[in-house]
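Here come two complexes built around chain A, the first alongside chain B, the second alongside chain C.
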Partner chain A sequence: MHPAGTLPTKGVWWRGAELYALALAVGLAGAALVHANKHPQDPPLALLYVAAALLAFPAVDRVLQAGESVLLPVTALLVAVGLVTTYRLQPHLVAYQAAWVCGGLALSVASFRLACRPVNPQRLVTPLAALLVTVSLFPWGWAWVGRGLVIRTPAEAAVVDVASELAKLLALALGVAELPREKVRGYVAAAWAAAATLWLLRGDVGTAAVMVWVVLALAYCAGAPLRSVVAAAGGFLVMGVLAYFTIPQVAERLRGWVNPWADRLGVGYPLVQSLFAMAAGGLIGAGPGAGYPELVPQSHAGFVLAAVAEEWGFSGVVALVAAYAVWTGRAVRAAGQAKVPWLRLLAAGAAALVGSQAFLAAAGAAALLPPTDVAMPFVSARGVSAAVHLALVGAVLAAPRARGELPWGTG
Partner chain B sequence: MNEALRYVLLAALFLFLYRVVRVVGEDLRAASRELDRPWAVLLVEEGPGLSPGEAFAVRGEALLGRGTGNDVAVPDPEAGPRHARLVASGDSFWLEDLGCPGGTYVNGRRLEAPAPVRHGDRVRVGSTVFRFLQPRGPRAAGV
Partner chain C sequence: MGDRLRSLAALHIGLFAVVAAWVGYWQVVRGPDVAHHPENPRLLLAEDRVQRGRILDRRLEILAHSVRRGGRTVRVYPKKEVFAHPVGYRSLLLGKAGLEASADAELVGMAEAESWPALRPRAGRPRRGLDVVTTLDARLQREAWLALGPRAGAVVVVELSGGVLASASRPGFDPNHLEERWAELRWSPSSPLVDRALSGLYPPGRPFGIVVLSAALSRGLVNLHSPVDCGGAGSQRIRLVRDILTGDCDRALVQLGVALGGRVLREVAEAVGLGQLPATDVPAAAGALPELDGRDRDVLARVASGDGGMLVSPLHMAAVAATVARGGERVSPYFVQAVRGELGIVDRAPVRPATRILAPEVAQAVVEAMKVSGKGGMPAVTGVVRAGRRSVGWFVGIGSAQQPRLAVAVLVEGAREEVAAAVAQKVVEAALRVIR
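Entry: the complex of A and B
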């Protein structure tokens, strides 16, 4: 009855411990190199933060006893790369990022426990929507909270970070709650309108694209016909063409992508610097702390792959891409093993969310797609993003474990 | 020193990925072995909260009990939180009572120790009655 590997079995803990030890070795070696190359005169506090955040992973694994021996260790590896990159590019943020990771792990325990209970998923939607509206209505209050306490980014950026993470989560939660009720068309239309609003009014192409991708993946997993999914995707492309002709910011960004060298000190500057950084990295990179990734704008967030490519080399990029592929594959596997319909959709949605963001961020930095502001999950120095994705990890781990299907609308 | 640390970093990174690939491969092989394990079906005949004819597929091993954490969740107040365990051994299944006061019954007889169950046996957990079906396994008398 149980799919292989989903129940705790003897030996899984030790197998996991080995992977956690390797992730810790990556984090500590990377942080030590950054310290030696960039901050030799400072006390090596960053190593303590990195160690604390990474040691929290096996502790959480032990508490959950989820029996999934790959997903959490791979997340730990991605977080290790993220903390080293944050220490390299924004050293003042590393303690906050480590704190967000620990907070996110606490959330993952909570979401795991919640998902193992007979929960009505519709109850997820109302608090998320209320939080999103509050963030939108009281941006300055939230900015103060974000800037003063933990995030330490400019006020507007803090609000946008929180709001965009909430919007993506709300799209996911709405799909999980509504799709099994044969409301596919209404759901896709509402999410499409929300994405269009984000794109047309705020110019936030990345979040809009991620939302649309998650929505279409969920609709397809819930049984929507392929032609409806293709039609919705086509509608989004049409919207993109309209945005090109009506929003100067979008047109400028697209021109900067098509030929960044035409205006290499202007609109093409980030992409040109990203490509230079990747070329400079070579096969094994300059080593953490030994390159110049700070020359790439937004290298701690949207262009983090350029920073990894320059200092960890092509091999580091391959490892990062492989880690995302394994993460997404294991989340899809968890979705396939789930017995509860809403958890099946949630795990599939989490796979789509993490996979699409990693793809958009990587393809944007490598000039395969127009660059967006999408953060690489677990790696970019956006604390709230790390916490949200770690909370989703708990639900994905719970998907194969939770038994007992309840009728929709009860619980 | 720094140069050595760089190579340690890359070695740890790729050793991690190598181990992950090994674990994924082992899981795939385990999943394929799982398909070869004996399977059976517990068909509900009567019981509170379950409809007659409802079926639970069992492959390898399954826990029966009141909690939703069980493989066969029985919404029966007379069933224990973890009431009984069904385990495959060779080609047949064995049923084990996990010590709940209500007991576990096979064809009306209370289980005192783990006992084999055969195709067509009636299994009672609390007040819920299942028909045990294992078309490719040993058959109960008269089936």
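Entry: the complex of A and C
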């Protein structure tokens, strides 16, 4: 790889051309099959949305000239799968999802430009925190903290989505800003407190787990002793046990996971339906639009792996999981090439953020771990999540390129 | 720090490998078990995605097929009420009946490989079920339907191999408009939904004499030339056994039955299929055969006269006549002769080894007696019985005396045996034309 700052800036954009073509082919073929199977009477507008969103990726690549030829195309591949499953399960959302993707790509250009300049990352924390507080205090926002998992309106659900994404982002930003200054302990403790609050107020284990995961990954990469990282993870598990005894929603989910077949129509219902969907998919799947993933609750969001497994088969699952593995590996590689400490942490944190969510969502849908509401980044039909993670991609792409200026205290 | 980054990546990639392996276990290793779980809703839903196969007559005329109309698939029965009973119906509201029910697995294509993956639609292409080729003949069925006229009743024509050529029942219904007329049909006093040919149960009356005579001949109790006392007065009083089925000699028939005893009578009746499910591939009523061992003379006498709690369907009686006509080898009626896929025949009606239940000479003797009692040159037994408040006319006969090729049973409610005989005459003439 080229040393930072000496990357060729011309003639690299096409190196991902094959992967972009693959993403476009997957997206268009999948959407066309869904269209033929499910909505043959409607005008095929969804194909236009999918094509527009996927063609925006090479355009952004061309604009950025980042010199990283895999990360963005793999992201496009994940987005392609996401748009197809969105069209399959929530056809009315596919235009919004495509719009969120395009918006996210615009944000990624902005974050790339921002990260290439000398920036004091501490300055990112305050706006993020302010945004989180604002969103949470918005009239419907109390749903996020107040009423537990009971969400009554789509507006409330949207606010919960935004707040949850912001909280994860805040955890990441705090770590990036504070850890290089060796405030490891205080930072871990603060993130912990935030996670515990989330649990106690909402029973939202997923967001809390992702936050703690990212925090611990950052602390580990920043040089915290392995012992304390393991201890902190163990403490999180102890909190889980406590939550089981104190929070009814958590206890219910856990019971539904331990033996879903025992209460197939009650707490075990989502998992049993998810396993039915996976079994129906077999090795090669029913084909996009030809299965019954709509029988699985939340199959467009948290249980999206069940939808992929049923219609694309185990081969599709392997491809999807492999794409996440490649994404994580490339983000960590970008971290390794970064010269600026906070960008190194940011890229590693982004890898942990995407990796942890993909893993928790997949493991939850397959009953390997208790299911949480964590969305699969880029794939679940949650526009905010897609946009936030795409914005992060810009910063990760910038990590190997940014000059080695230390901006501490210069903000 | 490089090492730490590397182990961070390794941790995530390792976790992804674990989750992929776990999903693979549930999808591929345990997949078939889980997919076949009875509570998997896909099994029920998938049936709707299959383009249901056709039901055809023996000359591949369409009796039922699925047609796209206005964006949805409709089941169409071009023969309307003529085939309503044997073909049956399929409705999401009302369920299934007739061949639509009994050949369901073939029609939705599960016979190819009886598993969920066989039902699973392939991307973009609806699966086609298999066509069911019946033994029925559309022309003969129409003749039988017309011959019955407006009367309530049934006609069954069976080849000696067991293939059912016609199975008509009146009053009928139009399966194309079943859902709209359901309440009316359901509560109509003439019970149009009941298939009288297969599920209508009646006392057999004098035609049961075929069984009594077979039993008496095979036990060596009498031969065709033994004298019998027919009661009454004058020269008609003493007749020969060969005249016993004519109707002038019911007293002797009853005496023969009583002399045989309950155990033997029941044994022979069971051997020819009474009191059992008559058809091999379509649901039909088993009827009733009372327990006869050790019963007194009165009960035996009533049973020997074809009553006394014994109930049979026209299909039963057609099978009895066919058994005699086939020289004593049992005939089990069937409706499906083959199942065809897009590439040709998938399955044929199984060939069963012939079971001999009567000696050939006994069967021949019974046919001789039936010739004596027959009408219009056709070996037959006729009779009238009371079924509830109605009288029922029976005609049970064999198609052509010279060369037995088919058996027929006609039942007409509220009419005398002559009416049944006239119906049978027309039907058998048509049948002999058809199977030539």
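A few points about this structure:
Following the convention adopted for this analysis, the second predicted complex is superposed on the first by the 384 of 411 C-alpha atoms of A that agree within 3 Å, B and C clash if a C-alpha of one lies under 4 Å from a C-alpha of the other, contacts with A are read in each partner's own complex, and residues count from 1 in each chain.
Note that in this section a contact is a pair of C-beta atoms (placed from the backbone, for glycine too) under 8 Å apart; a residue touches a chain by one contact, two chains touch by 3 or more.
Since we're looking at a predicted model, the values are computed, not measured.
Of the two partner chains placed by the overlay, only chain C lies in contact with A:V332; chain B stays clear of it. In the superposition on chain A, A:V267 makes contact with neither chain B nor chain C.
Contacts of A:A51 after superposition on the shared chain: neither chain B nor chain C is touched. In the superposition on chain A, contact of A:E18 is made with chain B only, not with chain C.
Of the two partners chain B and chain C, more chain A residues are in touch with C. Once the two complexes are overlaid on the shared chain, A:A351 sits against chain C while remaining clear of chain B. In the overlay built on the shared chain, the residue A:A309 is in contact with chain C alone; chain B does not reach it.
Once the two complexes are overlaid on the shared chain, A:L254 sits clear of chain B and of chain C alike.
Comparing which residues of chain A touch chain B with which touch chain C, the overlap comprises 33, 36-37, 287-288, 290, 322, 329. Residues 1-5, 15, 18-19, 22-23, 25-26, 29-30, 32-33, 36-37, 69-70, 73-74, 77, 116-118, 284, 287-288, 290, 312, 315-316, 319, 322-323, 326, 329, 401-404 of chain A are the ones touching chain B in the complex.
Taken together, the chain A residues at the contact with chain C in this complex read 33, 36-37, 41, 217, 220-221, 223, 264, 272, 275-276, 278-283, 286-290, 292, 295, 305, 309, 313-314, 317-318, 321-322, 324-325, 328-329, 332-333, 335-336, 344, 348, 351-352, 355-356, 358-359, 362-363, 366-368.
Interface residues of chain C facing chain A in the complex, by the touch rule stated above, are 1-2, 4-6, 8-9, 12-13, 15-20, 22-24, 26-28, 30-35, 37, 39-42, 45, 71, 116-117, 120-124.
Chain B meets chain A in the complex at residues 1-3, 5-6, 8-10, 12-17, 19-20, 23-24, 27, 30-31, 33-34, 56-62, 68-71, 73.
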